[in-house]
Amino acid sequence: MVLILLSLATALLSYLLGARLNRMTAFALALLPGLGALILGVGTVDLPWFSEHIRLTLAPNHWGLVMLVLTNAMVPLIVLAGWRDGVHFSLQVALTFFMQAALNGVFMAQDGLAFYIFWELALIPIYFLALRFSEGDRFAVTLKFFLYTFLGSLAMLASLFYLYSQTAVGDDGHHSFAYAALQAVELSSTEGFWVGLGLFLAFAVKIPLMPFHAWQSDTYTQAPAGGTMLLSGIMLKMGLYGLFVWFVALAPESLRYEFIADWLNFRDLILIMGLAGILYGAFIAMRQNDAKRLIAFSSLSHVGLIAMALLTLKSDGTNGAVLQMLVHGINAIGLFMVVDIVERRLGHRDLTQMGGFAKSSPLFAALTLIVVLGTVAVPLTNGFPGEFLMLKAVYNSGTGACGILAALTIVFCAVYMLRFFQLSFMGPEKQVLSPLSWNEKWALMLIAGMVLYLGVQPQVVVDFIQSNTEQWLNAIAESGGMLS
Amino acid sequence: MSSLPIPFLVLSFLTILCALYVVSSKNPVHSVLALIVAFFSISAHYVLLNAQFLAIVNLMVYAGAIMVLFLFVLMLLNLGKAAEPIKSNAWAISAAISAGSILLILTAAFQRSGEQVYRNPSDSVGLVKNLGKVLFGEYLIPFELSGALFIGAMVGAVLLGKRDSGDHESAALAEEKGENA
Amino acid sequence: MNTVFQQVDISHYIYLSTVLFCIGLFGVLFRRNAIVLLMCIELMLNSVNLLLTAFSTYMGDSSGQLFVFFIMVVAAAEAAVGLAILVMIYRNTRSTTVNFLSNLKG
Amino acid sequence: MGLYALILWPLLGFAINGLLGSKLPKTVVGMIGTAAVLIPFVSAVSMWGAVQEGALVSRAFTFLQVGDLHIEFKLLLDRLSLVMALVITGIGTLIHLYSMAYMAEDAGFYKFFAYLNLFVFNMLILVLGANFMMLFFGWEGVGLCSYLLIGFWYHNPEFGYAARKAFVMNRIGDLGLLLGLFLVIQHFGSLDYQVVFSEVAKVSHPQWVYTSIAVLLFIGAMGKSAQIPLYTWLPDAMAGPTPVSALIHAATMVTAGVYLVVRSEALYALAPVARDLILYIGLATSLMAAFIGLKQNDIKKVLAYSTVSQLGLMFIALGCGAYSAAMFHLVTHAFFKALLFLGSGSVIHGMHHEQDIRRMGGLRKAMPLTYWTFLIGTLAISGFPFLSGFFSKDEILLHTFQHSPVVYALAVFSAGLTGIYMFRMFFLTFHGTYRNSHYPFEKVHESPALMTIPLAILAVLSVLGGLLNLPHYLTHNMAEGLAHWLAPLFVFGDASVHVEASTEWALLGVAVSVFAIAFFWMRHKYISQGAVAEEDADMPASGSVLAHKFYVDELYDSLFARPLQRLGEWMYRVLDRKGFVQGTDALGAITLWKARVAARLQSGNIELYLIIMVLAAALMLGLEMFA
C-alpha cells in the first residue's frame, strides 16, 4: 500500500509541477516509492473493498517482491534516461509513475479482483503514452495493442469469476476472491482447461508468447523509448509473473488437459509455444536492420525460454526463470536505452546507416557491450546464471530434442546481438556521436553495474526466491497438478 | 352473444368503421373528421359504462381540444391535398402481418386467461364525486406531477414552434432552392 | 337490469378495444404522413382508455378511470409536443412524411 | 587469498588499464599490463613445490545453489593446471613485453593491454577452475576476449566479421559443452571435478552416459581448438594484432580443448567411441589444414593453418589415450608457435604491415635476429632432431603407431606436410630476392630489443623444450618428466609406450627422413630454383582449391549462413508481417465489416424500426404465453 500510494502521490505531484519538473526532481521523485518502502515496508494490507468479501489484499510473496524491486528500481532509470526533454516531460513522467503504482499493485495483490483491477489499470497509462507519443501509424498500432491485451484480460476476468463461483462458501454465506480460496478450488480436467485457458490467454498476450505476439513488434518499435522500456522491461514481467502465480498455481489441472489423447497436453503446447518463440524471434532478429525491432524480436526469443522454464515445474527451471525475469527487465531496458540514445542523436535507428560509434564514445561502447554481453548470457554477466538454470531444466526434463533446440538460443542470440553491436559501434566511423549527457551516462552505468553484479552474485536473488519456489511447486503437485 | 343490446352493437360497429376510415383515408382532413366521430362513439360507450364524467371529459379534451389542434395544424401547413407517397403492397402486407399478429396474440392471451368474471358492478364509480375523492386523495401526487408535465409540454411546444431568431424562412427557402438547383 | 354492462360481457369490450388498438397500430405502421400517424396513436390510446374504463366499471374500482385521465393528460401533452415538432420539421423539409427523417441512419 | 593472487593480478591490470589507461603514458600502461602477468607467473613458479605435495584449493563464494545443485566459485591448482598456468603466464609475459613495442604506435594501446590482461584472467580461470562451471566461465571469457581482440581494429568491417565468426563458432562449441555439463549434473549431481571424477571412477553408469558426455564435451573442444567442422574461424582470426595471434590463437586459448579432454581423462577412458571420434577428427583436421597450408600466401594464415594442423595432432594423441603426449606437444607447440607468430609479427612490423610472402624475400640480411629465431622455430615445428618439436611430435607418432599403422602413416604424412609448408614460407620470406616494389628494401629494419628479446627467449625454449619429456631411448633418469609429473592425476592412467627399442629407432628414422625430404625438396625448389609462389590468377586447379581452403567457408555460407538469413527474412516478411500481423489486422477488419453489415439495419427508416419493434413485441408476448 505504501508503494502504491507513494507512486500515485509522485504521479500527481509531477503532473502538477508541469514545466517546473526537471530531470533531477523527477528522478528523486521516482526513487521515493522504493525508498519509502525500504523504510516503511511495502505496506501489507487487507481491507474490505467492494464488500467484506471482495477485499483489497496486498501481501507480496517473494517472487512478487523481486518484481517489486525490479519495478521500483527500473522506473527511476526510465525516468532518468527514457523520456526526452520537452514540453511533455512532466506528463510522461506522471503517467510513468501512475503505471508504477498499478504495477506495484499487480505484484502485491493477493485477491483475484484486486489483481485484475491493477492489471487493467496498468494498461491505461501505457495506452495514453503510446497513443500520444508514438511515431508512425500510432492510432492503429496502439489500438491493436490495446484491444489485443484487453481481450486477453477479459478472458482472464471470466476465468476468475468462474473460480470465484466455485470457491467454498464461508460462514457468512459468500464466495471469496482471496488467493488462497481460489487456489483451493478443485476443478475437473475439462473445467480446469477452460479456466486455465482464460487465464493463460491474458498472460500469453502480455508476455507475448509466439502466436500472440502480433502486437508486439510494432508497438515496441513505434512506442516512445520510455514506453518501450516500460512495456518490455516491466509490463512483460506481469505476464510471466501471472503465468505462474495466477495461471499454473490456480489451474494446475489444466496443464494435464489432453488435446490429442496422451500425446499433446496443454503444458506441452505451452512448451512448444515457448520453443517456437525462441527460434522464431531469433531468426527474425538476425535479419532486422531497425535496432528497436531487432531488440523486440530478441525479447520474444528470450521470454519464450522463460515461459518454457517456468513450465518445466522444476525447482532449477522455475528459479532460473524468475531470476531471468529480473535480468531480462534490466537488460531490455538497457538495450532500448542504448537505441534511444543513438536515435536521439542521429534521428534514425537504421543499423545499416550506423557504424564506428566506439571511436567517438568509448565509454558508451563499453557500457553497451556489457549490456549486450548480459543479453548474450556470457558467464559472469547477469544473463548467464538464469539461462544456465533454465536450459538445464528444459534439457533435463526429459525432452532432449526440445532442450537442444532451446539451447540454440545461445548461438543465435550471439549472432544477432553481436551483429547489432558490430553494425552500430564497430566498423568505419560513419557518424560522430555527441557525448552522453550526465543522466544517460549514469543510467547506463547503473544498468551495467547491475549486469555485472548479478552475474557474479546471482545467489542473492536465488536464495531469496528459492523457498517460495519450492512452496509453489509443492502446492501444485498436491493440488493434482503434474510433476513429471 | 345473441342478446347483446342494440346500442352497444351499433356503437361498436360505428367505432370500428370510423377507425378503419381514419387509417385508410387518403385525405388527412377526412381522417381527422372520422377520428372525431370515433371519439364521439367512444364517449357514448363511456356513457353506457356509467362513466358519464369521463365521457364529457373525453369529448372536451379529445374531440374538442386535441382534434382541433390537429385540424389547425393541417390547415396551417396546408397539408390537405399533400400527396402522401404511396407505400408498396409489401409494406401494407408486412404492416398487416405485424398488427395482425399482435391482434392474434392479444386475443389468444385473453382466451387462455380463461373467463374471469368481473361482476362487482357499481353505478357510482363514474360519478364526479367519487372520482374527485380518489383523484385528490390517493392520486394527488400523480395529479400534481401531470400538471408539471403539462407545463413542460407547453414550454416545449412553444420553444419548438417558435422560429429561431436568426432563422428566416426566406433564407431557408433560398437555401432549399439552391439545393434543388 | 337496464344498464348495458349488465347485459354485455366484459370480453366484448376487450375484443372491441383490441381491434381498435390493432387498427391504430396498423395505421402507425402503414401510413407515412406524420399527422395521420399521430392520429393513429391517439386512436390506440383511446382503445386503451376504453378498456380501462370497462374494467373499472366492471370491477367497481374508480382507479381505472383515473388512469384514463392521466392517459388523456399524457396524450394531450404528446399531441402538443408532437405537433410542434411536426411544424418545425415541415418548416425545414417542406414535408411531413416520415421517411425523410433518416438521419439516424447508422 | 591463496590462489586468488594468481587471477586477481590480471584482473587488476585490466581494471587499471581499462579505466585509467587512456590517461596514463604508454610505458606505464605496458608495465602495468606486463607486471599483471609476470607476478602470477612468479607466484605459480613458487607454488611448484606445494603442488607437488598435493593440489591446492581455495574457495571464494557460492555462485549458484539451487536444490541439489551446488556450484562454487572455487579454484584448484594441481599438477595439470600448474603446467597450463605456467605456459599461460610465462608466454603471456613475453608476449606482453613484445606488444609494448609492437603496438607502440597504436591509439588503442591501453585498450589492447586491458583486453590482454582480461584474457589472461579468463584463461587462468579456465585452467584453475575447480569445477566445470569455472571452466565454462573461463571458456566463454576467453572467447569474449578473443572476439574483442580479433576485432581490435574494428574500423575494418572485415575484421569485425571475423571476430563475430570466431565468437559464434565458439558458441556452437560452447553449446555442446553446455549440454555436456547438463548431462554431468544430471548423472553425477555436481560439477566439481573431484566429485564428478570420483563418481565416474565407480563406473556405475551405463556406457552411453560416458560416451554422450564425452562427445558433447569434445564438441566444446572442437569449437575452441578449431577442429573440423568448427575450425574455419581460426584462420580468419588472424585479423587481430599479431601478439594476439601468438598468445590466444596459437599458444593458449586454442589449446583449451586439449586441456578439457586431459582434465576429463576419466570420462574419456570410459568412452572409447568418443576417443575414436577424437582420433579421426584430429587426423582429418591435421591433414586438411596441412594441405590448405601448402598454398596460403599470407604469412599469418600459413601459421594459422599450421596451428590447426598441430592441434589436430594433439587430438590424435588424445584419441590414442596419450594424454601426457598431448600435453607435451601442447607445451612445446606453445613455445615454437608463439615464437613463429612473434617472428612473423617482427617481419610484418619490419615490412610495415605487409603480410604476403610473395612480396617478401631475402629478409635474412635485413633482420638477422628475426631470421635466426624464426629458423629455430621452423626447425622445431618441422621436427628437426633433438629440438622440442621433434620429441613431442615423435611421441605422438609412436602412440599412433601403437594404435594403428594406417593412422600412423597418415600422421607421418601430415608431419611431412608441416615441414613442406613451413619451409616454403620460410624460404620465401627470408631467402631469395626481395620482391616488394612498394616498400624499398632499405627501409626494412630489424625490430627493437623489446621484440627481439622475447623472440630469443622463446627460441631457447623451443630448442630445450624437449627436456621436459625426453624419451626412454636417450636417458633413463630424466625420461618422461612430464608424464611422471602428470601421472598421479589420471584416474585410469595414460597410454604407455611398449614397443621394442628397435622399433622406436626405426620410427625415429622415418621421422627424420620425412623431415629431411621436406627440407631438401623445399630448399631445392625455392632456393636452388628460386621459384616463387604463383599469383592467384595463374594457379593450377588443385592449388586453387587449396588456396580457397577447400571452399569450406563458401560451403558453410551456402549451407547454414545464407539459408538461415533467408529463413529469417522470409519469417519476417511473410510469416510475421503477412501472417501474424496482417492476420490480426484481418480479424479487426472482419469485425469492422460485420459491424458495417449490422449497421445497415440501422437504416434510419423509422417504419422499418416500427415494424421490427411490433414484431419483436409480438414475439416476446408470444414467447411469454406459449413457452
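Points to keep in mind about this one:
Just so it is clear, A, B, C and D label the chains in written order, and each chain counts residues from 1 on its own.
Definition applied: a contact is a pair of C-beta atoms (placed from the backbone, for glycine too) under 8 Å apart; a residue touches a chain by one contact, two chains touch by 3 or more.
The model shown is predicted, which means the values in this text are computed figures rather than measured ones.
Under the touch definition stated at the top, chain B and chain C share these contacting partners: D. Comparing chain pairs B-D and C-D, the larger number of C-beta contacts belongs to C-D. When chain centres are defined as mean Cα coordinates, B lies farthest from chain D.
Per-chain CA centroids place chain A at a distance of 68 Å from chain B.
Put simply, the C-alpha centre of chain C and that of chain D have 99 angstrom between them. The distance from the centre of chain A to the centre of chain D, each centre being the mean of the chain's C-alpha atoms, comes to 37 Å.
Residue positions 91, 94-95, 98-99, 102, 106 of chain B are each in touch with at least two other chains. Contacts with at least two other chains are made by residues 607, 611, 614 of chain D. Residue positions of chain C touching 2 or more other chains: 25, 29, 32, 99. Under the contact rule defined at the top, the touching pairs of chains are A-D, B-C, B-D, C-D. Contact residues of chain D toward chain B in the complex are 607, 611, 614-615, 617-618, 621-622, 625. Only residues 18, 22, 61-67, 69, 111, 136-137, 140-141, 144, 147, 151, 154-157, 160-161, 163-164, 167-168, 171-172, 174-175, 178-179, 181-182, 185-186, 564-565, 567-569, 571-572, 575-576, 580-581, 583-585, 588 of chain D touch chain A when the two sit together in their complex.
Partner chain C is touched in their complex by these residues of chain B: 3-5, 7-8, 12, 15-16, 19-20, 22-23, 28, 31-32, 35, 38-39, 42, 45-46, 48-51, 54, 57-58, 61-62, 65-66, 69-70, 73-74, 76-77, 79, 82, 84-85, 87, 91-92, 94-96, 98-100, 102-103, 106-107, 110, 115, 118-123, 125-126, 130-131, 134-135, 138-139, 142, 146, 149-150, 152-154, 156-161, 163, 169, 172, 176. Listing the residues of chain A that touch chain D in their complex gives 144, 147-148, 211, 213-215, 217-218, 280, 283-288, 315-316, 319-320, 355-356, 358-359, 362, 366, 373, 378-380, 384-385, 388-389, 391-392, 395-396, 403-404, 407-408, 410-411, 414-415, 418-419, 422, 425-429, 456-459, 462-463, 466. Of all residues in chain C, those touching chain B in their complex are 3-8, 10-12, 14-16, 18-27, 29-33, 35-36, 38-40, 42-43, 46, 49-50, 53-63, 65-66, 68-70, 72-81, 83-88, 90-92, 94-97, 99.
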